[in-house]
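So, here's a batch of structures to check.
Heads up, the next two complexes both have chain A, just with different partners, chain B and then chain C.
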Partner chain A sequence: MSGNGRDGEVVVIGIGLAGLVAGLRLAEAGRSVRLLAKGVGSTHLSGGTVDVLGYAPARVLCPAGALPEFVAAHPDHPYARIGTEVVGAAIEWLKGRMDNPRYVGDLSRNFLLPTALGVAKPSAVAPQTMAGGDVTRGGGFAIVGLPGLKDFYPGMVAGNLASAVGVAGEVIEARPVEVDVALDGRADVGPLAYAGRLDDPAFRAQLAARLKGRLGEDEVVGMPAVLGLADAEQVWEELEARIGRPVFEIPTLPPSVPGIRLYRSLLGALRRAGVRVAIGGEVVGAEIDGTRVTGVYTDAANGARFHPAAGVVLASGGWAAGGLEMDSHWGLREPILGLPVTAVPEGVPRFRPGYFDHHPLARTGVAVDGSLRPVDGDGRVVFTNVRVAGATLAGAEPWKEKSGDGLSLSTGYHAAMSLLAEEG
Partner chain B sequence: MQTVETEVLVVGGGATGVGVARDAAMRGFATVLVERKDLAEGTTGRYHGLLHSGGRYAVKDPRAARECAAENVILRRVAADCIEDTGGLFVATPWDDPDFGDRFLAGCAATGVPVEEMEVAEALKREPAVNPGITRAFLVADASMDSWKLVWACARSAEQHGASILTYRQVTDVLRAGDEVAGVVVVDSRTGEQTTIHARMTVNATGAWAGKLAGLAGCRPVDVIPGKGIMIAMNHRIVNTVVNRCTMPSDGDIIVPIRTVSVVGTTDSPVIDPDQLEVTQAEVDHMLDEGEKLVPGFRQARALRVWAGARPLFGDRSPGDDDTRDITRAHALIDHAERDGITGFVTITGGKATTFRLMAEETVDLVARTLDPGNERPCRTAVELLPDSQSEAYYSVGSRLAQREAHLQDDQLVCECELVSRRDLEETLARRPTANIDDVRRALRLGMGPCQGGFCTYRATGILHRQERLDQSTANGALLDFLQERWKGVHPILYGDQLRQARLDDWLYQGLMDVEHLPDPAHP
Partner chain C sequence: MEDLIRASLDHCVKCTICETACPVAKVTPLFPGPKYEGPQAERFRQPTGTADASVDYCSGCGICTQVCPQGVKVAEINSRARARYKDENGVRARDRIVARPGVTGRLGTPVAPLVNRVMANGAARRVIEKTIGIHHAAAVPTYAGHSFQRWAKLHQRRVPSRPDARSVIFFHGCSVNWFEPDLGRKVVAVLERNGVEVKMPRQGCCGLPLQSNGLFDDARRALGRLMRELTAGGGDDPVVASSTSCGLMLKREGREILGLEDDALSALGARTFDVCEYLLDLHDRGLLDTGFQPLAMTVIYHAACQQRGHAMGTPALDLLRLVPELQVIQSDADCCGMAGTYGIKKEKYDIGMAVGERLFAQVRRVKPDAVACDGETCRWQITEATSQASLHPVELLFRAYGLEL
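This part shows the complex of A and B:
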């Protein structure tokens, strides 16, 4: 068929977590999928965990328990639109696809994992290499600093961690341990460069040797998240074995090694599933027939190109990724399909003066129905064969809720399921 | 309580205050300067960065024009390291009367402001982004001047001549002995410690705040109207020459290329309190619209930051005098002995950054006449070069890159946008220990580039925490304060790519690091 119906290609726009998940889920169900992205996605900024709901606004220890009340209080939230049962299904699906490192955890409880500031952040699911940092039950932690790494300060991590307590008031002890490893005289080494070095067994052995004598008997060892890109499980297991202590990773400033691992795992799975991935093909326009998008145009070095589409998953990101835009006259728009964007109410400022205030612009985005089809201000579906997923969606405040990964995962998953259900 | 004795006490650490302190110290007076916050924290650090040629005032304010023209020549020599020799253009846009150019030329001639008319085509060749519809163009000696570098250099020179510079000291009381001002009481806003400073002469160099200090001293009201001006920094050098509208001074009539950015300014509206300068949406829109007239496509550029400064506009009126004259941009030196019968106290206000040196010279002339009559102590600030300007070489926009390239391997880059290295940061901290990242920003431009602190705020906090051995709560406070400080200047101009950037920064600090749950009870 010519771009319509069961056999036509589904075009997924965006290669962040939502786009990767939607594309893979569709391909696994046998659909022909083309994924178009203007560059790499926001996985490279993510800490690699799947944060589902961390604060509502009090700290959430059990997401499964908190979600029903949360969606009842936020009926416009994407979780409310898709139904909370989708979140658990999407998590189990993802865990089945992540093998290096494997992912652990579920909605029954949040891990409390130290950030690069030493705050214990609630995450439902995490790579195995990170989960050991859970401070829920207190304990003793040695936080390792590496020379030349400017995106991680072990003294601050330990300082803040030491003033936290476990959920039942258990004591947390933490101290920084700075190790010296040979860097060939380089004073400025990023997380990716370190990850590359740790892929080398000789460098791992050197690091382990310098760490070994400096750890307390009961200490759990927190490392900046640089434990290899190619084979993180191996690096992690070997380091634990060599120093004889449990080891966990703490995400650094981007580029994020755990985020890149997540991206590479899913991208590999996509390619194996036959998805055609075009990175560098920015979508610049669409062909529309009534309430259907029949194809999109990309603009790349080799010129504009038309891609017929039976269905479209729009996972182009939010304000940070360019999937939503505001011009200098304060007009809001979704630039690819021109979808309606929810407005900040008249007379309300877009932002408030306090950095930590709730900013009215934060919850704006593309409104959708329960199938993630975009709707206009009157609730009418704009395009029947389009699904919107991830940070483009209205109704959430992901960085405050600590829900961004969970939203992208579950809406990406639901977008695929919804397209499959309609056309299957 | 500590007690300090001095001859000259300067209140106010802007360009004028440090200029007075340096001049007084160079003339051999024991000198102390107190500033309630950090140096250049007030108006000096919040202007667009123009070293006036005098052209702006050639028609409207001849005295100001004359002073600017003279000081421009002097500062180019003694403060070369603070100045980039951009040159300046006055252009008649389609919204401006081309005939004003004749009045402009006549004004320049009458006030000694060097100027030459250029072919429009030549001006557009020099600055291709400027509105191609301009009908006339004039070249003047405008330049951009880094007011932070200027103030630090003056302060360092003053210290080399024996002056004490005391920052974060708020004046809480002015000491009176009969009709004489005998000094002040200050409180250290960081430690709470009080100090009494006895001085033979107290100089009120508090600019837009001068009325408040004069009030504390018990003088007849000093009528300083704070004139709010807003400025917006755009993320790159849209122009490399200062570009002015060739018209009477008005809102949004100038774009100044300074360091890595271009600043459009400014507005002028009287406010009650110079500490309450709110930026409105209408003002932002107005600046962007005016910028668009000078450079079509201006709105497509990325706005990095907006801020407001308070000009000190002085309009002294005698009792019973109801006239409000057109307030000059020239400065005012008030000898309170003559005006109010109060000795030991002078006020210097009005003026502008370009004329700070002249203001200091006139002030110290008066101080010297009063304290040491008959003994000639000549001013040397017009001839003695400032520290860092000894080579008499102008600053150039690529200089940091050259420094950086010399240390690519052996030094860390803490702020990629402004090329601030770890060594720069650690040396600055060693020289002026602080727990305040905003102090570091003013010294190094840390956090002032396109990402507005997205990456360097975290790094600077980590380095500060380690080097200054801050306790964790103080370090957390420094981080939170700087995030709030950055937010203040970005939220009114968030659109386009800068909105993207701000959301990215939110992801880093809130999404990735959970900064809002730092264990610090003093903050949210």
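This part shows the complex of A and C:
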């Protein structure tokens, strides 16, 4: 491999939040990085907020206060492995890189932000375009519906929101406001198509004109999260100015415009940092030398293609993404590097009866040490130059904890820092 | 293979990621989107008679398959549905013509000046639009008036064979043969500069334009013929392609779209390389001559849709970054809108131009010295839409080596 310019390259596998963050952090530190992904990652399905810890199991209002007790009670949780101070550092790092829209918030408090179901969801960090929807102290909200927009029902959002109260019992008032804008012959419109229309100043003016006069004096205006794709800050500020009311975005069902903005911002930064990104060739295997992974193979159009690697960040996702697999005999495996996957303890049921119960199988995954190196059942490091990040990790139940984005961000960040520290 | 491609629809979890990436659905309601048209509609299609006209508005760019995190072969499913639809509803004469660049190339070359004048004449193009259905403003190639093959024959006689040298078979495709023979010569020069002997067997069309116009039987015949031509000399030399879309036919699409289950094709595909991929592999092994002269230029590099279908990363970008003083900006657009022959069709021209607008806007904003792109029809589209010179990345390497034709 002499003279090839690829010596010392770190291969990041996966292009969800964990992979994007790890790749960018490494590239910023001057490392040569190759990012390999079989498809686009989970950002497009995410609301674009960074939820660090929402339920433990009671609703969390101050993540900084709740995290020490949470990690003490869950010593196998990734937050316990990497240390809670990493979470705050990773958040500040991300905020420094998101400029359109900017991100606000920190671990001192959770925003309570309405979802597309009208539930107030705890999020530590959110795009500025969303933060105005915080219902912590109650208030009056007008929820705007756009004709033909799929899976967004302002009546339901407002109804559910109005049945909740602020943290000290403050009243939340909410009502739907349906606006009439032309559909251009379409039967229905997805969030992305609406975002494209809002990128057009003429459409924004039309929308604002139809909204004006239909809003109460003190009402805060909730819009489905379609306020532009290319320049959300501009769209949001202009809409606020035109209607003279505070405006906030409510994340929609997928495809999620705020998630796509997050993806595009980080991907753009990766490309500017010189990271080589290849999407579409699944990583199908690895070359191993003792306790080191020396490279991985992708499934290219002409067969297996080898990518030498000095280090590897495995951020290939969990069960839904295929980063973890289960066969019909309940066998659990990590398919790329064949890493050990934690088991449900003997005698414990894998699933419990209720859909929203804690399911022991959910906490299985790849176990790691404090440097995010994969370890086996005896705690021995399997590969010294591999770091595991994101939903592949064992010990968390992100959908119950509302911790998925926080986990991906902080473990992606820590994976990069740990690889960098090892090599000085 | 056929069953596996279709069966992949069961992997669809309706995440909509393909819908966010489809460049066509973004600009027209005539195409309802890859998820709807692909894994959803296919489930209800019988072997005959149930595909509808909307499937023909898929441009075949393949981005849906590339971005799918679950491995659904969305574009392949839709290409096959289109072929069935066209089989049942007939194929327009226009589509039969544009699907045969080998034939039009052979017929047009002896009368190149005349054809080029007609195709550059506004009034004539309006007549062609009305009668045949090729949009009057669409980018069409210019006939070189002489074939690459003619030069190749002479060149192979001039350059002595060196049995000890690394050698490759150059799959140049129809475009180099009839429209861009100089590009072919530059590819040969760059390979020879790196000590590679270039074999150039007589060869025809790979069948890609036939496939994208739904003429699968003809496409299979063309591909079979090409395989015989490329392997006629025996041996197991790598096949190096300068057209990313035609190279992909050998690597993947012949199997996955045309459904050719053929061991010879699989073997040939496994030793087929895009020219930039091949050169970067040389570099990775320390074998590439990196004695590049500085090129004080700013270039936008656009990775074409079919280029990305190779799942090989962006070797052209990596190579161009080896050239001193060459500023390379990566395009932030997914597709130029041409997609082979899609963007020249009267009823699809506006869609293609709308798809490409993101790229054209970037070109107008940056005002680069050139746009580099691996796909030939993409280059023609970019130049037609922006009046900006477009080059194959190897042409920049050729220049940086200080080579001349």
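Criterion: the second predicted complex is superposed on the first by the 415 of 424 C-alpha atoms of A that agree within 3 Å, B and C clash if a C-alpha of one lies under 4 Å from a C-alpha of the other, contacts with A are read in each partner's own complex, and residues count from 1 in each chain.
Definition applied: contacts are C-beta pairs under 8 Å (C-beta built on N, C-alpha and C of every residue); 3 or more make two chains touch, one makes a residue touch a chain.
No experiment lies behind these values; they were computed from the predicted model shown.
**Q** State whether A:F356 touches chain B only (first), chain C only (second), both chains, or neither.
**A** Touch partner of A:F356: chain B, not chain C.
**Q** Identify the partner contact of A:L45: answer first if only chain B is touched, second if only chain C is, both if each is, neither if none is.
**A** both
**Q** Determine, for the superposed model, which of the two partners chain B and chain C contacts more residues of chain A.
**A** B
**Q** Quick one: is A:P254 in contact with chain B, with chain C, with both, or with neither? Answer first, second, both or neither.
**A** both
**Q** Look at A:G322 in the shared chain and tell me whether it touches chain B only, chain C only, both, or neither; answer first, second, both or neither.
**A** A:G322: touches chain B and chain C.
**Q** Is A:T298 touching anything from chain B or chain C once the two structures are fitted on A? First, second, both or neither.
**A** Second partner only.
**Q** I'd like to know which partner A:E217 touches here: chain B for first, chain C for second, both or neither.
**A** A:E217 contacts neither chain B nor chain C.
**Q** With the two structures laid over each other on chain A, which partner does A:E346 touch: chain B (first), chain C (second), both, or neither?
**A** A:E346: touches no partner chain.
**Q** One more residue to check, A:D378. First (chain B), second (chain C), both or neither?
**A** In the superposition, A:D378 contacts neither chain B nor chain C.
**Q** Does the superposition put A:V119 against chain B (first), chain C (second), both, or neither?
**A** first
**Q** Do chain B and chain C touch any of the same residues on chain A, and if so, which?
**A** 42, 45, 185-186, 254, 320-322
**Q** For chain C, which residues count as touching chain A in their complex?
**A** By the definition above, chain C touches chain A via 13, 15-17, 19-21, 26, 29, 65-71, 248, 251-252, 269-273, 283-286, 308-314, 317-318, 321-322, 330, 332.
**Q** Across the complex, what residues on chain B touch chain A?
**A** So the residues of chain B touching chain A come out as 288, 299-300, 303, 409-414, 422, 455, 458-459, 461-463, 465-466, 471-472, 475-476, 479, 483-484, 486-488, 491-492, 494-496, 499-500, 503-504, 506-508, 510-519, 524.
**Q** Using the touch definition from the top, list the residues of chain A that touch chain B in their complex.
**A** 42, 45-47, 51, 54-55, 59, 115-117, 119-121, 148, 150-153, 155-156, 159-160, 162-164, 185-188, 251, 253-254, 256, 318-322, 325-330, 350-356, 359, 398-400, 402, 404
**Q** Which residues of chain A touch chain C once you look at their complex with the stated criterion?
**A** Contact set of chain A toward chain C: 1-6, 34, 37-42, 44-45, 184-186, 190, 192-193, 196, 254-255, 260, 268, 271, 274, 276-282, 298-303, 305, 317, 320-322.
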